[in-house]
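Look for chain A in each of the two complexes below; its partner is chain B in the first and chain C in the second.
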Partner chain A sequence: MRNLVIEPTSKTPKVILNSDLGIFEITGRSIPEDAIGFYRKILDWIEEYSKSPLPETVFKFQLEYFNTSSSKCLLDIFRKLERMHKNGNKVQIRWHYDSDDEDMAETGQDYQALLDVPFELVPV
Partner chain B sequence: MSMTYSYYKNMQLNNIIFVYQGEVTADLVSSILQMVENKLEGEGEDRKVKKRVFNVMVECLQNVYHHLDALPPTDPSNPVRDKTALLMIGREEKDYYIITGNHVLNDRIPELKSRLDRINRATKEELKQLYQEILTGTGFTEKGTAGLGMIDIARKSGQRLGYDFHPVNEKYSFFSLEARVSRIPEK
Partner chain C sequence: MKDEYFQEEATFLEEARARAERGGLSAQEWREAYATLVDNYENLLKVVQVLTHQATQLESKLEKARAQLELQRKALSHEVEDLEKQVQYQQKEVHKKAQERDILYDRMGRTRLMLIVLFAVLLVIVAFAAYYIFIDTDQMIDFVKRLRGIKDGT
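Right, the complex of A and B next:
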């Protein structure tokens, strides 16, 4: 399948979804007014990928800021990864955050508690 | 021109970093965020405080962008422009404050007021629960926001939200919302 790369802007993160290299990353800030519009193609890509995923999928999130409309879209991504995991695929979510950013650590913990998929908090 | 100095003194006296009155567009919101972020950066504000102020600012500004009820241009109490709002950011000794003001339909006041009161009564733990319920619950409201904005503002602020509804006419009121972020970082 085609890889998806989105360059960052002042309101949207850098996205790399590369199934050839096994790189799955969303990094930067995510504060668009229209989060649904931004995340639609990412969700579509993951949906397509989940039909025949790699033996192992490690998905890295490293967000500096995100707004509440992005938070819902992030949950939608996690839910798709959770479904892959429940279907017997090896999936891991890695939530990277600035080690002195308690808010971002707490948000990671919130998501972790809501999900049934390996979800690792990685202070950097 | 004689008003200029009194505007200046007034802003200085009230510790206003930034004030804007006018139409709120997505580009404007971006520009304000950029400008205030640069200013906080330049003044060497504590990193945690800076992040929190930025977060609260994003939600407050986008909240106005998504939810203001525009007065029709023909409305007598709106002789100047449609879709205008007030955005204000200031810094006091202990707190940053972010104030927004915009028109809302009177019909929406009871619902808004009860939501704000509920948020203001909630403990930290209750706010977290409420946030998770909405996050996992009903999906987006028709305007594409998650209904989470005010809860997030309250969580990041850690203080009660100030608000006021000023009657404009039989149809509209002017809604102001104030969120504060402490400048003393938690240990």
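Right, the complex of A and C next:
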């Protein structure tokens, strides 16, 4: 399947979804006005990928800041990964955050509590 | 699919409503549908709680940032005032120095003129002396003799 790479801007994160190399990353800041428009292609890509995923999928998130609508879109991504996990695939979410950023750690904990999928908090 | 937030939840709600309106469900089906509705509602509630918490965190962050910016604005405003005072002081100093320089130039001009006049007078004297010593020697000798005569009293 076609890989998805989106270069970062001042309002959107860098996205690398490469099933050939097994790299799944969203990094940077996410404050787009039209979050759903931005995340739609990511959600579609994951939906397509979930039909024949790799034996193991480790999805890395390293966001420094994001708005509420991005938060909802992230939840939608997590839900898709959760579904993959429930379907018997090995899926892990790694939530990287700045060790000084308590809010981002707390946000990770919120997601962790909400989801039924391996969710690791990684301070950096 | 329309690009809207909570699209899945909205779709589920529409389907549930349509199913309820259609009717004809057995008690067991009602129970199952109701259980699904409760599960989804619970899930939605959790999501709303998480999003509300995050939105509050963001507001708090923004408020902190705004307060910090306000402090920086005030600090910058003080610095600008200080700089303006310094600029005014420097301008006064420059003006003062310029006046002093003008006075000094005046003095130098006068001194230069005096030196030129003195040099010109000296040049005239030397020219006269040279004329009589080297060119009109006889008149010089006469002049010296006359001087001696006056001195001797003859």
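Points worth noting:
Criterion: the second predicted complex is superposed on the first by the 124 of 124 C-alpha atoms of A that agree within 3 Å, B and C clash if a C-alpha of one lies under 4 Å from a C-alpha of the other, contacts with A are read in each partner's own complex, and residues count from 1 in each chain.
Everything below uses one rule, namely that a residue touches a chain if its C-beta (ideal position, glycine included) is under 8 Å from a C-beta of that chain, and two chains touch if they have at least 3 such contacts.
All figures in this text were calculated on a predicted structure; none of them were measured in a lab.
With both complexes brought onto chain A, simultaneous placement of chain B and chain C is prevented by a clash. When the shared chain is aligned, chain B and chain C each come close enough to touch A:Thr68. Looking at the shared chain after the overlay, A:Ile36 reaches both chain B and chain C.
Residue contacts after overlaying the shared chain place A:Asp103 against chain B and chain C alike.
Shared-chain residue A:Ser10: touches chain B; no touch with chain C. Using the contact criterion defined above for the overlaid structures, shared-chain residue A:Leu114 touches chain B and also reaches chain C. Judged by the touch definition given at the top, the superposed model places A:Ser52 against neither chain B nor chain C. Taken together, the two complexes place residues 34, 36, 67-69, 71-72, 75, 103, 110, 114 of chain A in contact with chain B and also with chain C. Those residues of chain B that touch chain A in the complex are listed here as 26, 29-30, 33-34, 47-48, 51-52, 54-55, 58-59, 62, 65-66, 128, 131-132, 135-136, 139-140, 144-146, 148-149, 151-152, 156, 186.
Residue ranges on chain A touching chain C, taken from their complex, read 34, 36-37, 40, 67-69, 71-72, 75-76, 103, 106-107, 110-111, 114.
Residues of chain C that touch chain A in their complex: 3-6, 8, 46-47, 50-51, 53-55, 57-58, 60-61. Interface of chain A with chain B (complex): residues 10-11, 31, 33-36, 65, 67-69, 71-72, 75, 100-103, 110, 113-114.
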